[in-house]
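Below are the structure tokens for one structure; questions will follow.
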Amino acid sequence: MSYTSAETMIAVAARSLPNHARIFVGIGLPNLAANLARKLYTPDNILIYEAGVIGAEPLRLPISIGDPCLVTGSLAVCSFHNIFANYLQRGLIDVGFLGGAQIDRYGNINTTVVGDYRNPKVRLGGSGGGCEIAIFAKKIITIIPHDLRHFPAKVDFITSPGFVGGRQNRTALKLPGGGPEKVITNLGVLEFDADGEMILTHVHPGVTVEKVRENTGWDLNVASEVKETDPPTPEELRVMREELDPDGVYLGRRKSKTA
Amino acid sequence: MQNDCEKKSKVMDLYTAVKKFIHNGDTIYLAGFTHLIPFGVAHEIIRQGIKDLILCRATPDLIYDQMIFAGCARKIIFSWSGNPGVGMLQGFRKRVEEGKLEIEEYTHFGLATRLLAGAHGMSFYPLKSIRGSDLPLYNHYIKTINCPYTGEEVTVVPALNPDVGVIHAQRADQEGNVHLWGIMGEQQEVAFASKKLIVTVEEIVDESVIRSDPNRTLIPGFLVDAVVELPWGAHPSYAQGYYDRDNAFYIKWDEISRDEEQVRQWLGEWVFGVANRQEYIQKLGAENILRLLPRNSFSNPVNFGIYL
Amino acid sequence: MSYTSAETMIAVAARSLPNHARIFVGIGLPNLAANLARKLYTPDNILIYEAGVIGAEPLRLPISIGDPCLVTGSLAVCSFHNIFANYLQRGLIDVGFLGGAQIDRYGNINTTVVGDYRNPKVRLGGSGGGCEIAIFAKKIITIIPHDLRHFPAKVDFITSPGFVGGRQNRTALKLPGGGPEKVITNLGVLEFDADGEMILTHVHPGVTVEKVRENTGWDLNVASEVKETDPPTPEELRVMREELDPDGVYLGRRKSKTA
Amino acid sequence: MQNDCEKKSKVMDLYTAVKKFIHNGDTIYLAGFTHLIPFGVAHEIIRQGIKDLILCRATPDLIYDQMIFAGCARKIIFSWSGNPGVGMLQGFRKRVEEGKLEIEEYTHFGLATRLLAGAHGMSFYPLKSIRGSDLPLYNHYIKTINCPYTGEEVTVVPALNPDVGVIHAQRADQEGNVHLWGIMGEQQEVAFASKKLIVTVEEIVDESVIRSDPNRTLIPGFLVDAVVELPWGAHPSYAQGYYDRDNAFYIKWDEISRDEEQVRQWLGEWVFGVANRQEYIQKLGAENILRLLPRNSFSNPVNFGIYL
């Protein structure tokens, strides 16, 4: 069964989630991965959306982070302030899913600006709740395409702090959450070493370590033994294609979404 | 709150919930501002002889007076002590006058702010009240800082994060997703601020009832450690739409509580003399139940829409 | 038509309220006065109760400040924190009604303790929301019995600050609300002079200035012209007796209430 | 908010409400997080040619992109700019990249905290976020203080109190007591924080509908200066239970907004080319209306009880 690298990325991300956890879910790829996991592996997870929706069970693929289909039949709705104060800052979120325009070796994410903040080359969306998710969630999983544009040596702007300048940096800042745990790309999986620096631990089927290094903007650390991820299973592909994204909005038949 | 979301059943009886989650020396908050006061849990705490508790509550009320008389309390954190609508809180008052009960006192807003900080994961919050009163002379947790923008001096209070919070509500599902209406008091803040949470309800309902109106959900189930179905669990206080306050008892308590011997008898009869809440309600009797039932007044429904 | 001094006190208090105002109402005598005013003089006032009820229209006399009859049919219900933050601290309350165990010449109220705080003679209820009402409401009207016990030279404890040590004191503390405006007792009406000190402006029918001074614990200032209040009208008495307190719970047939 | 509670009627048409309460140079907040976005008011502001506005909104969104293109904006205070679910916000982005639009930027939580402080009458509030990000380098309103209890450094932000807040909701009575459900966003905070408040609603209902469920009331009428009945007032965004988001338009805006000429044409046709919201809806047409209608899903009622 053929599959795309985007499908591998989602399947691997889905398998990385713990069960019995509270997941703060962004729309788009994180939403697909979290819902794939919920259907196949982690039925007891509670999905929480930035718009203030807890325990959503949408009857269609949500178009935006505030889609009405997320609300009808959900367990609870709370205000914009409460989702950050009562859920994130209070420390109730186990896993935060993030995307981004740039990520650096310490897992810092930029979604604010390419170039100088005051004289931008490309003005991006900004933090939204990204900074809060990065600061407060017990662990962060990032899903991001793997190329030199997305993996620069240094992000142009720290929107969502990872380990900042290294693990001791984050500790000194006393950021409540645990920080980055995994980065899942279309090439492989990266984790963080004792210093808080990214280290390649897995490549996807058919991807070489060299290819990953070529697509990374710094001299990437590589684990002594790099494993290969399992390809998407037929069941994973079926759920993704038939149940979660039947119109292919997120999985390649249309340009992928942000919100 | 459960440390993880494991699907062990949270539905249990009152005895088990109290036994499992409330221990000697705990700081506990039995919530409810004049409404939905969890008397059922308080009586079970008394029956189980739990001691040395730090009892937090804006309005200590009859519920803490009974626990004080029964010897459960080491200290009270509060903002108004009284028998609402009747007069003084005799047990509390007497022990404070005799120097036998430690107190830590706030204004209502000060205590509510402590809870909000606890619920929001902040270590403190500022407020503009309390200045000008004498309370800060006697409570050194109440401090001042200057606003970093205006320079104005403002009051600050530290977060309150009880070991155990207790909520009584009208309905919840088996996971503890709570619908609560009428006076909302500090229940939501207590739920988010507390390390463990016991919820007792008039009715356990199907999850679909909760999901039909997610805006009504005051407390998400994953905060809840124990769900106990406990009809009339708030008597002699009330549950909006279910029963009225038993004001006759509030007036009677004013008499009982002036006399330690009468209190001992009352506790013997109504707390130690019944094995559980069901027996208490039996003992209360049909006539009292009927006397306290309101007539119906239903909310207009709202449409959430089905989006396909 | 005969009437009691409590009835005079309520009628005079009711007449002292502005119309089109947001009134923060305590249970008991303030509740009676605010509802009497609403029925006869100030139909457009919005009554707000500490329990978080806005625009209550109770079908019976509320027994406590959190009576269910206040909720059914009200305009809005909010949380315990919100009533203080969004309504009082935000400056939305025009008039706060207070009672008390002691009041001094500067309108400071004690509802906490008689005697020393750490070694109390009588332990009272404490602040509740009294301190907040006193600090934030645009004006404070106090209803309190007039005798040496209630009017000491100095309160044993400032629970709810009036002008503290004088009007300039309250200004220096930057308390947002305007402070005490009137004190209505069973003997007369007192206002506050330029220094923030109480001054007798009215006596009730049949009460002498001398009697008021005898019942006040300091050398009471008296206006150059002390007026006499109008006695309760038959209509005021009818509403009080037939509609508001038919069982005489607050108006003398039973001991008066606090909450 | 009205300075007093005088019972002059607040019910007025859209033109009058905007004319009366929104002026050149005002700081305004059109509320609604992806839901109930007050497009009707935004279009009227554009039609009236109001200028030099400081536009505050967590998510500037299409509504502010249109106002930016139309020349209403002097500055944007925000926390995420984008076309939700579609991509970038082209007008906003282009003008920022060209240095033609002043911005003041926060995280979502930072901006929400500014509003909460404004709503609570505080001059500031602390939060534990933003630390570690680069935002404080470029926004000097974001400061730090030390917690007076733990010594920990925390972020602080100042209160935001807009001159005018604008809310769209499902229903209100003639006094402006608002029932709002579905995603609640920052509407309540905006209502309490703002000096003046315009409310547009899908339906003006009898006061008895509001009073049947006081727990549903998000905003008390006395905060409201103008009540406008404006069906489909949030289109192309949505109103939970009334209509769906018109996603086709969100996608279309992505194309239109890449080309100033197309934007001019669109504004000419859909904003300046219609006299009011009724004409806009007429122009939208029956087919589009029907396409966006959800099926019904009503909340279970709750009982408030009648207490006599």
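Quick notes on this structure:
Each chain gets a letter, A, B, C and D, in the order it is written, and its residues are counted from 1.
Throughout what follows, a contact is a pair of C-beta atoms (placed from the backbone, for glycine too) under 8 Å apart; a residue touches a chain by one contact, two chains touch by 3 or more.
Just so it is clear, the structure is predicted and the values come from calculations on it, not from any experiment.
Once the centre of each chain is set as its mean CA position, chain A and chain B turn out to be 40 Å apart. For the pair chain A and chain C, the distance between mean C-alpha positions equals 58 Å. Between chain B and chain D, the centres computed from C-alpha atoms are 36 Å apart. Listed for chain D are residues 121-122, 127-128, 152, 181-182, 184, 212, 215, 240, 244, 294, 297, 304-308, each touching two or more other chains. Within chain C, contacts with two or more other chains are made by residues 53, 67-68, 71-73, 77, 85, 89, 136, 176. Taken as a graph of touching chains, this assembly has some other topology, since it is neither a line, a ring, a star nor fully connected. Contact annotation for chain pairs lists A-B, A-D, B-C, B-D, C-D, with touch applied as defined.
For chain C in complex with chain B, the touching residues are 27, 50-53, 63-68, 71-73, 77-81, 84-85, 88-89, 112, 117-132, 134-136, 157-161, 164, 170, 173-176, 255, 257-259. Looking at the complex, you find that chain D touches chain A at residues 33-35, 58-59, 78-82, 84-89, 92-93, 96-97, 99, 105-109, 112-113, 115-116, 127-135, 137-138, 152-153, 181-186, 188-189, 238, 240, 244-245, 247, 294, 297.
Residues of chain D touching chain C in their complex: 1, 4-7, 119-122, 177, 192, 207, 210-212, 214-215, 217, 220-223, 304-308. Those residues of chain B that touch chain D in the complex are listed here as 121-128, 143, 145, 147-150, 152, 154, 156, 158, 170, 179, 181-182, 184, 209, 212-213, 215-216, 240-242, 244, 294-308. Interface residues of chain A facing chain B in the complex, by the touch rule stated above, are 20-22, 44-46, 53-55, 57-60, 67-69, 71-77, 85-86, 89-92, 136, 176.
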